[in-house]
Structures are given as structure tokens and as C-alpha cells.
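Chain nomenclature is as follows: A, B, C, D and E, assigned in order of appearance, with residue numbering initiated at 1 for each chain independently.
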Amino acid sequence: MIKKTKKLFSKKPSKIKKKIGASPGTITYTGEKETSELFIEVYDYNEETVKIRELDRVEEGLEIKTTDTVTWINVNGLRHVNAIEKLGDHFELHPLLLEDIVNVGQRPKLDEYENCMFAVFKMLYYNTEDVLKVEQVSMVLGDNYVLTFQEADGDVFEHIRNRIKEDKGRIRKQGADYLLFCLMDAVVDNYFLIMETLGEKIEDLEEALIDNPNDILVHQIQRLKRESLNIRRSIFPLREVVGRLEKSDNHFITENTQTYYRDLYDHTIQVIETIETYRDMLWGLMDMYMSSVSNKMNNIMKVLTIIATIFIPLTFIVGVYGMNFENMPELHYKNGYYTVWGIMILIFIGMIFYFKRKKWL
Amino acid sequence: MIKKTKKLFSKKPSKIKKKIGASPGTITYTGEKETSELFIEVYDYNEETVKIRELDRVEEGLEIKTTDTVTWINVNGLRHVNAIEKLGDHFELHPLLLEDIVNVGQRPKLDEYENCMFAVFKMLYYNTEDVLKVEQVSMVLGDNYVLTFQEADGDVFEHIRNRIKEDKGRIRKQGADYLLFCLMDAVVDNYFLIMETLGEKIEDLEEALIDNPNDILVHQIQRLKRESLNIRRSIFPLREVVGRLEKSDNHFITENTQTYYRDLYDHTIQVIETIETYRDMLWGLMDMYMSSVSNKMNNIMKVLTIIATIFIPLTFIVGVYGMNFENMPELHYKNGYYTVWGIMILIFIGMIFYFKRKKWL
Amino acid sequence: MIKKTKKLFSKKPSKIKKKIGASPGTITYTGEKETSELFIEVYDYNEETVKIRELDRVEEGLEIKTTDTVTWINVNGLRHVNAIEKLGDHFELHPLLLEDIVNVGQRPKLDEYENCMFAVFKMLYYNTEDVLKVEQVSMVLGDNYVLTFQEADGDVFEHIRNRIKEDKGRIRKQGADYLLFCLMDAVVDNYFLIMETLGEKIEDLEEALIDNPNDILVHQIQRLKRESLNIRRSIFPLREVVGRLEKSDNHFITENTQTYYRDLYDHTIQVIETIETYRDMLWGLMDMYMSSVSNKMNNIMKVLTIIATIFIPLTFIVGVYGMNFENMPELHYKNGYYTVWGIMILIFIGMIFYFKRKKWL
Amino acid sequence: MIKKTKKLFSKKPSKIKKKIGASPGTITYTGEKETSELFIEVYDYNEETVKIRELDRVEEGLEIKTTDTVTWINVNGLRHVNAIEKLGDHFELHPLLLEDIVNVGQRPKLDEYENCMFAVFKMLYYNTEDVLKVEQVSMVLGDNYVLTFQEADGDVFEHIRNRIKEDKGRIRKQGADYLLFCLMDAVVDNYFLIMETLGEKIEDLEEALIDNPNDILVHQIQRLKRESLNIRRSIFPLREVVGRLEKSDNHFITENTQTYYRDLYDHTIQVIETIETYRDMLWGLMDMYMSSVSNKMNNIMKVLTIIATIFIPLTFIVGVYGMNFENMPELHYKNGYYTVWGIMILIFIGMIFYFKRKKWL
Amino acid sequence: MIKKTKKLFSKKPSKIKKKIGASPGTITYTGEKETSELFIEVYDYNEETVKIRELDRVEEGLEIKTTDTVTWINVNGLRHVNAIEKLGDHFELHPLLLEDIVNVGQRPKLDEYENCMFAVFKMLYYNTEDVLKVEQVSMVLGDNYVLTFQEADGDVFEHIRNRIKEDKGRIRKQGADYLLFCLMDAVVDNYFLIMETLGEKIEDLEEALIDNPNDILVHQIQRLKRESLNIRRSIFPLREVVGRLEKSDNHFITENTQTYYRDLYDHTIQVIETIETYRDMLWGLMDMYMSSVSNKMNNIMKVLTIIATIFIPLTFIVGVYGMNFENMPELHYKNGYYTVWGIMILIFIGMIFYFKRKKWL
């Protein structure tokens, strides 16, 4: 379960790649998914009907917006900046907003523009090598449309697609603001899964620590500390983001939906508290490790001290009678040898008693 | 009193179970009490009369609300979501409110709805295995009624029932807001008992630590730290909840009752301060442990050093006269043997003095 | 000066005794002074006259309040709840206020009622066993009267009594609000004495730590930490209490007196800063202890290593020539014995040089 | 990569040089670049034209300000206080503002004067000896002009010059407030580079720590801690500075540009979070070091204990049969010698088993 | 440079001397300078003229205030409370203000009275024994006069006197509020000198720590920590004091002068940040000490282990052939002795290789 990794920093703690020196508003993708294909889904629905289209080129989808149904355009593949720019022009998005979409080093945030609201969230998942990955999801909420932008395929929105298709729950009866809430809720719900995985890792680590505390576990603890730090950085700003959504007074979010945002806010706080608890636990593990190392050292020292303290004086005694002086009367006593053995056994027993009393044995 | 437990995490630090992917507002019970029976008590009283009924099905109680007396409906058994939904419909409770009632991973909170106030509290108790358990109590305050929802049987409201039945104190003379205060006060009063138990545990641990500091106690300290962390998480948000109740300006809470909420607020702060003190103490215990381990190590080392330092040189001396050189004049001296003994005794005494002066003996 | 105490927790960290389950507003004494006698002093004064009476029963004092002089009623003995209730009725005090007076686990606070202001302060003193004791003083300020309630005899108000009797300072020329200030000022002034005592204890502890760092001192440090924690808990809330008095805009406190409260506020901050400094110092002492323990260990190890490193190789050499091989030419050399001594002395001197260079000697 | 440096404080932690006793408003350069030449660049541009001049004396540039184009005057060489004073007089800058420009110990700040805004930023760079250097850049924004003041040649504005010259991006179409934003953005962008360098240093340090934890690495950790502290001090106040620019309501900054400042604010927060993460990591490295030192000690002790525990008893046994008693029957047994060897081999094997079971081998 | 001091607390951490039990407003000097002489300087100036007088009795100066020039009265010698009271009466100062002047345990603060503003600052200096001393300076700003009160002779205002005398800078052209700023600025400027001294001490300490880490240095670190704590306590409240002066809207401070107070505020923040950095550094030094002690211990253990591990087995071998069994065939081999030597040399070389591989050599 737990193995030594040489490089804990394989993932940079924060994506600090940025096009230095570029003019502000320049749209450049800064992420890692540099081979992802462009893939666009369009969901257009109201209470009665739902149209679903999947596109490879952005031009095909641009005429859609004229209807008064709710439209959700989900764009995968941020490296296709041209397509994103075209979409941006169509929806009259601010250049800085577009820059933020493709610059995946953003922290979670909420920006209000005149014609839309813009939110950045982080999707967390463990990849096949059990390394925590962070993927940026940008969401734009305008009048009766929602745009979402992801770095690559694969997301946490599958059951939302199902609910739209199969008209489950309230989703088809509500506006775009409720869709945005559902998307955010899906991202936050996914954090609970991440928390569970992290919690299990901590459990495993603790068991390993009780069984056999060693150096590698310290690295594991540091690793998990850093992981929890990364998660915290991705989640903590949501507190403010969702809090502002709950209290926002612009026309994009109806009062009815705000109740749902209050619920989302509670969930966010819950996740943040859980991650704080985990961080506390990891500190506790470190303490346990240090104290168990001290303890081990104590035990080693005890063994050494007991053996040395018993045998060094005895060795001295036998040394005495190994001396070659001509005149050593004891050597000629008939029971000299047995007497010495007797004395040594007495000393031995005395020592054992002493150590018993000191609770070293 | 204190025994080694392999698994400290047997209880998840936070209930993170949640129905991932369910539509918001879906009412699903997420707790552990999956076999608890539905059990509903109805107290309907005013200054003159009191009617008490116990029901097994929610339909029987629904006509009650038409009177202008104060009604308290206490529902045990959150897994019976249908019954709770019916009750919710009857009192026109918001779906999210109902979701929060059965989702027992909520943190303590206060939500204001148009037709009611909704509060979530945590009842704490130690189960038969001395493990801290957290049970969620939801309270709904409407016009002249209070609804309470508990996961299972057994609560801290017994003396409130008595006061209603026997018309003790002010309770029958006051409205539903005073009843809500009494219920909350009972929950908070119970925290003082938990504090006392925790305080005794810390005392026991400290005594054990002074008697015989060992590795298991570190686990115990970590365990209590985590326990106090859990308690803190259950209690800390009350500060804000009760603070808001005290200052709330809606019509559910009369000005007269607010004075009582101020009192409750003081108690809450007191509990929080106590738990903080306990956390400080536990840190202090860890320090004491570490310093007593260092001390023990020092004592072990002292014994080893004293024995080794005395006997190693003596062993060398006897070794010298164990050599087999032909030409060793000392060996032929008449008192050679006794002289060597004399020298060794002098060295021995000198060493003892040295250690005395160093305060090692 | 410093002795080992087995039980550091003899005093509960916070008085958590409370009548669980009692109806709110029930007046029950929760303190330790369960044998104290009721003793009531009444000071009634204005600029010209002063009347002093001492009563054993509360009824005797009740007619007094009709005059327009300033009245100070000081009640000792909180277990006499009936007397306190009678007094409360007479002055129309709120039941919760009376409950707070006798429930001595209150934290310092200031409550404003319609007909009076109610403040809870803590008197600190060291008892004859040098244990810090906390006694609750409740003060009620109404129109031209002040009530004070203490658990038992003995307080810090002696010089105020003198000033009233002998008409020293401004006290007889001012109203009840100034009297309240004087009483509070006396309590806070007393904290400076406690601070001095605590400071001296820390000094003693530090000297002991430099002389002979040992395990008991760690307990002492923890003890003082806890003591300072207790003091802090008693004093810290005053910051807010006195701050609110300074800025209060109700009619009980005249603008003229508020200047004095500002002064009191400064003193409170000073005490709090001092206690924080002490806490910092105690942390520093712990650091000093840990580093001096490490140092001691180093010195022990040095002695062991020097002795062992010198004599173990020498013992090996003498062991070589203690072997009984038939064919060992060195044994037959005329100066073999002296040569071996020479070699051993050279090794000895070499070692000494080595340790000198390593600064171990 | 990593070498021992004797003096970690070679750079003072904060520039505390100040002309003590000088009258406030006295303009004295307090930095280190005491030989830098005066060098002034003037960029004067609007959408159509751009004029660039380079001056050695400030008088040559003073007539420029009459045009309604945007003017950027960049002054290098703060020790030429006369030139700066002349420029200050020309633009009617407040004496305290001029004092702040040349007093390079300022912390980043934003001051609003009647006729201009004044911002102090810090440029960070690693010099050729890999020591972090801090250079102060002061920026003055007035009506359609921006003045910048640097200690010496070399800055992070090169690509801004290019964009002005070659009319890339929006810069020529926008006013002086946008130019100010571009300059600030360039400074903040540069922080990302510094972060990357620092991140790499931490990585190197960690690898070195895993390979061979030693004393020098602790100094390196302290060094990087201090470096990150210095960076933090230079960057942290920007949070407030840029936040105020974003929300400022004076006429110097148009609403359109404020959107850009919001973007800059996000970047600033990102840098601050990264630096906090690095500080956390450095704490983690220290923990790893301490635990790996403890571990090494444990291993050393194990080797010692194993060897001593095995051979000390054996040496005792051979000592026994080295005694010279006349009457020692075992010595005359035919297989006495082989029996002793047998016993000793058994003891040896027993010990090995014992250590295996203790997991010391 | 660095020597062991037995008593770190020679200076009480905070001046807690206070006249317990005295009536509030009683003017009693609480400082140490109990033999200082009364010495009063009066500067009376406007743009054209300046009059300077030095007095020994306060009565001589009292008629001065009638002019409309700016008057600065500097009083040295706080123990002369009568003189201070007379001055207070003349300027109609509040009794509490006078009490604060002579009670030198005040924390820095700013009080606004109806007819004046009252500020308390702390002058810091190192005395001849290199102990940090704190002297209280009280400043009163009224309409066109400033009063300053110092405990004893010697201050940081010398260059202000010169500027007034010689009409340097703006001082003679400005009002009393500017004079107050100059005095405060002088106090704060002096802090930079203290910072520099403290910085050098930390540097010295670090060098000593790298050369030869020992117990005394820990005391030095604690000492400097406490010193920096003391400095912090004297400086930290200035943040608020100067901040309030900057934003104050009363008539004592003109808007023009407020710009200067903003500058002073920046300096104050700078000093506070520097002291925080120093505190961080001192923590770092403690870490360095602990890790270097661990390291030293490791080295000592290594030497012991190497020597013991090499020679204990060899001593066993020579012991074997020192046994006196009759039947030990090896003893009679011709090359037995040389073979044993060969084996021992092989073991020796093997051990050396082993330690080399473990990097202990």
C-alpha cells in the first residue's frame, strides 16, 4: 500500500506556469492536457423538450442561442483556444474572462460581468497512479444559458446529463441558474468522495505506523499533508464564492435558487471542516511517530544497558582471577572457583531484581 | 482504565456519507440507526391543559395543528423518510429543510424560512463502549408549534417532558419559542456532563502518565485530542447559531424569550472555553510525555555510563596482569596482587566521587 | 519552594457544575463555600452623610432604598439563596440575573437589563496552600444603588470602605456609577498583585531550571501554564466588558464616569498583555528545559564514549598477550612487556589529543 | 548545488537604514546602488504616434507634459536626488512622496494625493551569486502621465516597451491608468518566475535531504525560510494595494481598467498562496530532517546494541575459563573446550533470533 | 560578546508596580528614576522668533501660554509630582491624564480629551550594561502648545531642538500639531537604531551558534526573544495610535499635517514588520541549535559505536585463546598465533568497509 517515492514534488504545488510578458487578455492555454480533442456538447431544454447535440467544431453550435429554452454548452479541450475565442465572441464574453478560462492556474473565484457571471471551480480526482489531480472547470452563467469549460474529457456531471435527458427531479422545470447550481453541487459532492479516499489513506497510514514506525512513513505523512494542502487550496476559496452566490442580488440568480445555494454553502463548509480535521490528524500522526521513535530508542538502550550492566562487572571479576600473580591465595582455595561462581550468580540475581524494580524488565 | 486500541479511526471524523449524484432535495437518511422504529410523541399544551399522545404512524397526529395551544411533535427514527415527508407536507416545510433533517452529517446551523425557523443541534453521549457518539437533533419552530427530529430513541429532554406534564417552572405559561429554548438548553446542559467525563479522562490519563509514561498513553492522548476535536466541531458553530437567535428580529421569537437565549449563549461560550482548555491540557500532557521519555532515557544512559565507566578501566587493569610475558616483574612481587586491588579500589572510589559531583548518583 | 504534586487537576479547570435538568431561572448555588454565613453590609452615603449597617437577615435592609443617597449593599454567602431572592424581588431583578449570581461558573460578562446593569467579575487570590482560587463577584448597578454579591467573606474592597467612611478622594461626591467603577478598579488592581506573584514563581522556576533541570520542573511549568490559562480565562473577557462600559450610552453611567472606565480599560489591557507575556515565557522555559536535557544527555554520552573509546582498544591489546599460544615470540622478548605499555600509553595520549581536538574535553 | 554559507544574514532582513534625525521630507537616497548613472527614458504615445527619447539630464524632458498624449517617464538611478527633485517640482509632487521614492526601505503601498496616485512596488531577482535582491520601483500616476523610478538599470518592463513601440495589444489605445496596470502586471508576473526558482531550490533541497540528511541542510532550510519570509514581506502588502486599486473610485482609474486590476488582484493572491505553500513545505522539510536524524541515531544504536549484546556475554564466558584457579574441573574435561564453543554458538544463534524477532535485523 | 547571565528576569517583563488601593486619579510616580532632578525647557517660537528658557521650578513658566506662538514645554523628572500637578492645573488637564503621565507602566496610547490630545510613547535604549531600557514619554497637544514629560534627562529630541533654534526645515513655519509629529517621528526613528542593534546581536548569536552550539546560547536566544517581546509590546500599539492620528478628525490636527502622520504610520508598520522578522529568525536559531545538538549526539554515538563494534568482537577472540583448557589443539599449532592475528585483521578491515559503506567514516 505504502511505498517510498523519491520525488514528492513531482507535481508542482501550484500551477505557476504563465505566459510571462504576454499582453493581458492574451488567450493561451497553460495546462498539461496538450493532446486533448475538442469536444462540445449542447443541451437545450425546457420543461417539455430537450435537444442534445455533440459537435466537433464550435461554428455548428453558434446559432442555438436564439431560443428561450435553457442552453448548456459544455466544451472539453482547453487547448483549442480559437474555438473558445469564437464562442466568446458569440456570447460577448470579456477577453479577461476568456483568458481565465484557458489559464488553468486560476484559484476558485466568482467574477461578475455585465452580461454574465463567471465562476472557476476545481475538479479533484486521483489518477491511475494514485496521484491527486486538479482540473479546472470554468462556468459562465448568462441569461438562460450556461457554458462550462473543461481541460479534457471525463467529469462529474454524468448524473446531471441523465436528469436532463430523463426529466428527473426539478432540473427541467427550472432556469439556467438552477442548472449552474446543479453543476456546482456535483463538483462539491465529488469532494466528499475525495475526502473519503483521503480518510482511508490516513487510516492505512496510521495502522502502518502502529505496526512498524519507520522513516518512509514520515515521507508518507508529509505527502498526505501536502495533498491535503493542495485540496484545501482548491476548496477553501469556495467558501467565499458560494457565500457570495447565496447572497448575490443580481438578476442572474432567482431568489428561489438562492435557497439551494445556501445548502451548497453548508456542504462547502462541511468539506472544509473535514479537510481541517484531516490536517489535524496528520499532525497527530507525526507526533505519534516521533514518540514511537523515542520509545523504540528507549527500548534499544534498555537492552544494551541491561546486558552491559550485568556482564561488564562479571567480566571484571573473572578477569581478576585470570591475573598471573604468583601470590594469589584465592586461586589455591579448594572451593575458590565455586565461590566466585556463587558471587557472580548473586550479582546477576541482584541486577535482575534492580531492573525489575526499575520496570526495565 | 486505559487500554490499547488498534484502530483510532473506527468512527469517521466526520460523517461524509452523502448520496452522491442524487437530485438536490432528495430525502435520504444517511445515518447509522437503520433499524430504529418510528415513534412519535405529541405534546399539546397551554397554561390550563396538556394533552399527550404517542403515535406509531404520522397520519394520526396531523389534524392536531388547528388548535391555538403550543404543540410539540417529537419524531424518533429518521430512516422513516415517508413519515417525515408527510409531516413536512402538512407543515409546508421546504424540501431542502426535510433533506437536512435526514442527512445527519449536517453541522449545527440555523436557517430561517418564511414560515418557520430550522435549527440543527448535536446531542453528544458516550456509548456503552465509551466511544463518543454524535446524534443529530433537528428542531423546527413555527407559529405555536415545535417539531423535533431524532435519529433514534433516547434523548436529553426527559425533564422537559416532566415540566410540561407537571406544570413546573414557566414552560406552560410561555409560547413555542420558550419551548425551543428549553430544548436547546437541555442539549447544551448535557454538554457540561460530557465535559465532566472528558475532564475525568484527562485526569486519569495524567495520573497514568506520571506513574508510568509509555507508548500507549500517546495513543490515548491522540484519541482524546480527536475526541475533543469532534466535540468542538459539534459545539463551536452553536456560538453563531445561538448568537443569532439572541439577536434575531423575526416574529418567531419574542423579546422576552431573547433574554433566555442570551443566557444560553453564555453557557455555549462556557462550554467552548472549557473544550479549548482541555485541548490546551492535552497539548501539555504530550509535552509532559516527551520530557518524561527524555528523562527516562537520561536515567538509562546514566546507569550504563556509570557501570561502564567504572568497570571498563578496571577490566583493563586486570587484563594487564593476565598477560603472559615472561618478564613481568610485578607478578613476582609479594604484594603485587594486593597492590593492584588497592589501586582498583582507589579508582572505584574516585569514580564514585566524580559521579556524585556530577549529581549522577 | 518547588515540590512535586501528584494531582495537577485538583481544581477543575472550569467550574462545570451546573444543575442539569433544572428549569431555567432556578436559583441554585453551585460553588464550594457551602458553610459560609450570610453577612450583609449596607453603605448609604452622599456628600454630607454616611450610614453603615451590618445585617444578618436581608429583611432588615429592605426599606433603605427610598432615600436618594447612594446605597451599596454587599452580600456575602451565596448559598443563602432565599435571602438573595428576597433582595432580588425588592429590587425587581430578573430571575436569570439572580440565577447568574449564585451560579459561580459564569464567565465575566456584562448584561444590560431594563432597570439595571449586571456585571460578573472574578476575584483571584492564592489560598494558604498556594493554589490559585477564583471567587465570583456579581455587581448590579441600578438608579443610585449598587449591589455586590460574593461567595464568602474576604475581598479586595477594604480601601473603598475606608474611602467612603473617611470621605477620601471623589467617592462621596459621585454617584453609584462611580462606586461601581471603584469596585471594578479594586478587582483589576488586585490582578496586578496576582501578576507579581505569578512573575515571581516563574523567576523561581527559571532559577531552579538553570541549577538543576529535572522532571519535576516540567510538571511545575505545566502547572503554571495551567494557572496562567485559568487567570487568562478570568481576565480576558473583561476586555470586552470594560470596553462596553466605556462606550455604553445608557443612562446608568454618566459621561464623566466614562473617562474613568477608559482608564480601567487601559489597566485591563495591561494585565492581559502581562499574562500573555508570562505564557510566552513559560513556553520559553519549556524550550530551555528540553535543550538542557539534550545537553545533559550529550555530556553523559561524551563521558561514556571517552572512557569506552580509550579502554576498549587497550583491553584488546592486553587480551592479545593473555592468549596461551605456545608459539608467541613477543612473550619471550626481554622488553616485550614494557614495549606493550609504551604502545598503550601512546594510544592513550593519541586518544586524548583526538578528544581535545573534537572539544569533548 | 548546496554549500555551507557562514553568514546567513549577509543581507539585512529589512532595510532599516534611514537618515535618523533629518527633517521629514528631506530627500536622501538610502539604497546600495551608489554608483548608478542617471538615465531617463520618455515614451510619449497615443493611438497614432509614439515618440521615444532617452535623456541624461532631467531638464531636457520637462517641457513634454503639455501634450495630451500618454507620457511615461522612467527614471533610473535614485541617488541623483537633484534630478528627482526637479522632476517632482515640475509635476508638483508632494515632498513626502519624493522622500518615499528615494528611501528604498518602503514597504509596498499606495498613497493617494490630490494630483496623483503613488504606488511603491518591489522587483525581486536573484543576483549572480544566487542571492535574492529586492529593488524598489515607485510609480506615480497623474492625469495622462506615469512616472516610474528605479534604483538602477535593468527591469522587467522590456516587453511593455516593445508593445508600445510596435503597437501590440491594447496598450496604445488606452490611457495612463492602463499603462500603470501593465507595469504592475509586469512586476507581479515576474514574481511567478521567482516562485519557480524558489520551488526548484526546495525540490533540490528535499532530494539532498533524502539522500544524506546533514547539518548543512538545516542551514539551507533556514536560509530558504528567510528568503521566503523576505519575498512574503515584499508581496503580501500588494494584496491590499491592488485590492484598493480595484475598488478605487477616484478619477485616475477608469472603470474599464478596473476589470484588469481585478485580474491583477487574482494573480497577487495566487503568488501569496504559493509562497505560503512553500513556507509550509519548508516546515515539512525540517520535520523530515528531524525524523531522519532520529532514525539514523536509532540505526547507530541498533548496531552498537547488537554487537555489544552478542559479544559481551560471550567474552564473559571465555573470561571464566581464563581464570587460573587450581581446582577448575571443566578445564580438564576432554571436550570442555568444544562444549564451551557449542554453548557460545547456541547463545549467538539465540541472540540472532531474538534480534530478528525484534525486527532489528 | 556572549556571557552567561544567571537571572534573565532581572527586569520585570512589564512594569506592574501600581499603587494598589489608591483612589483613582491619585498622582504617584511609579518608575525607577527616583533621584532625577526636575528640569523644564520651554521653547516658544513662530516663524520669526524663538525664545528658549530653562527652568528649575514650574511656576516660572506658567505665564507663558498667553502668546499665540507655538509653545513646547518639556518636563524631565516625573517624580516631582507637585510640579506636574501645577502645570496640569494651569493647562486644565484631566486628573486621570496627570495620573497616566507619572504612572510609567502605561502602554502606548492616544486619549482624546476635550481641551487636548494625550499620547503615551515609549523611548527605547540600551543602557551601559547592554540591557534594554524603556522610558515613557507622554505628550500633550493643545491649542498651539505641546507638553512633553520624560522620566529623566536624555532623549531623542536633540535634532528637533536644533531645527527650532536654527530654523531648519518646516518646523518653525508650522503649528503645534507638526511639532507633535516631529517628536513622535523622532521616537519612531530611534526604533530603527534599536532594530539595528538587535539585528547585530542576532547575527553575533548565529555565528556563535555555528561555531560552537552550547547551552548558554539557548539562554541568549531566550533572552533576545524576551527582548524582542518587550520591544514589540512597546511598539505594537503605535500601529493603532498613529493610525488614529492619521485619520483623526478633530481640530488639533490640520489636514496638511495628516499627510505626515501617514508617513509616520508607514514607518511604524516597517518597524513592527522588522521586529516580527527578528522573532521568526530567533525561532529559526532555536531550530538550528536543536538540530546541531542532535547532530553532535549522532557524531558522539558514531565514534562510540565504531570503536566498540570493532574491538568487542576482537576482544572476544583473544579471550577465547586465553582460556586454560587442557585440550585446546589450536594453541599448539605452529602458526596458530599468526592465524588469529590474520583473522582479526580481516575482521577489522571488514568492519572499516562496513562503516565506510554506511557513511559513518
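By our rule, contacts are C-beta pairs under 8 Å (C-beta built on N, C-alpha and C of every residue); 3 or more make two chains touch, one makes a residue touch a chain.
Here the structure is a predicted model, which is why all the values come from computation and not from measurement.
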item	value
Count of contact steps on the shortest path from chain C to chain D	2
Copy-to-copy rotation for chain B and chain D - C-alpha atoms, rounded to a multiple of 5°	145
Between chain A and chain E, centroid-to-centroid distance (C-alpha), Å	43
Rounded Å distance between chain A and chain B, as computed from the means of their C-alpha atoms	26
For chain D, residues contacting two or more additional chains	290, 294, 297, 301, 304, 308, 312, 315, 319, 322-324, 328
Overall pattern in which the protein chains touch one another (line/ring/star/complete/other)	ring
Order around the closed ring of chains, commencing at chain D, then chain E	D, E, C, B, A
Chain E partner contacts - residues on chain D that touch it in the complex	6-9, 12-14, 16, 18, 20-26, 94, 96, 99-100, 105-107, 109, 111, 212, 214-215, 218-219, 222, 225-226, 229, 233, 286, 289-290, 293-294, 296-297, 300-301, 303-304, 307-308, 311-312, 314-315, 318-319, 321-324, 328, 330-337, 340
Complex interface listing, chain A residues touching chain B	158-159, 163, 168-171, 181-182, 185-186, 189-190, 192-193, 195-196, 199, 202-203, 206-207, 210, 259-260, 262-263, 266-267, 269-270, 273-274, 277-278, 280-281, 284, 287-288, 290-292, 294-295, 297-298, 301-302, 304-305, 308-309, 312-313, 315-316, 319-320, 322-328, 359-360
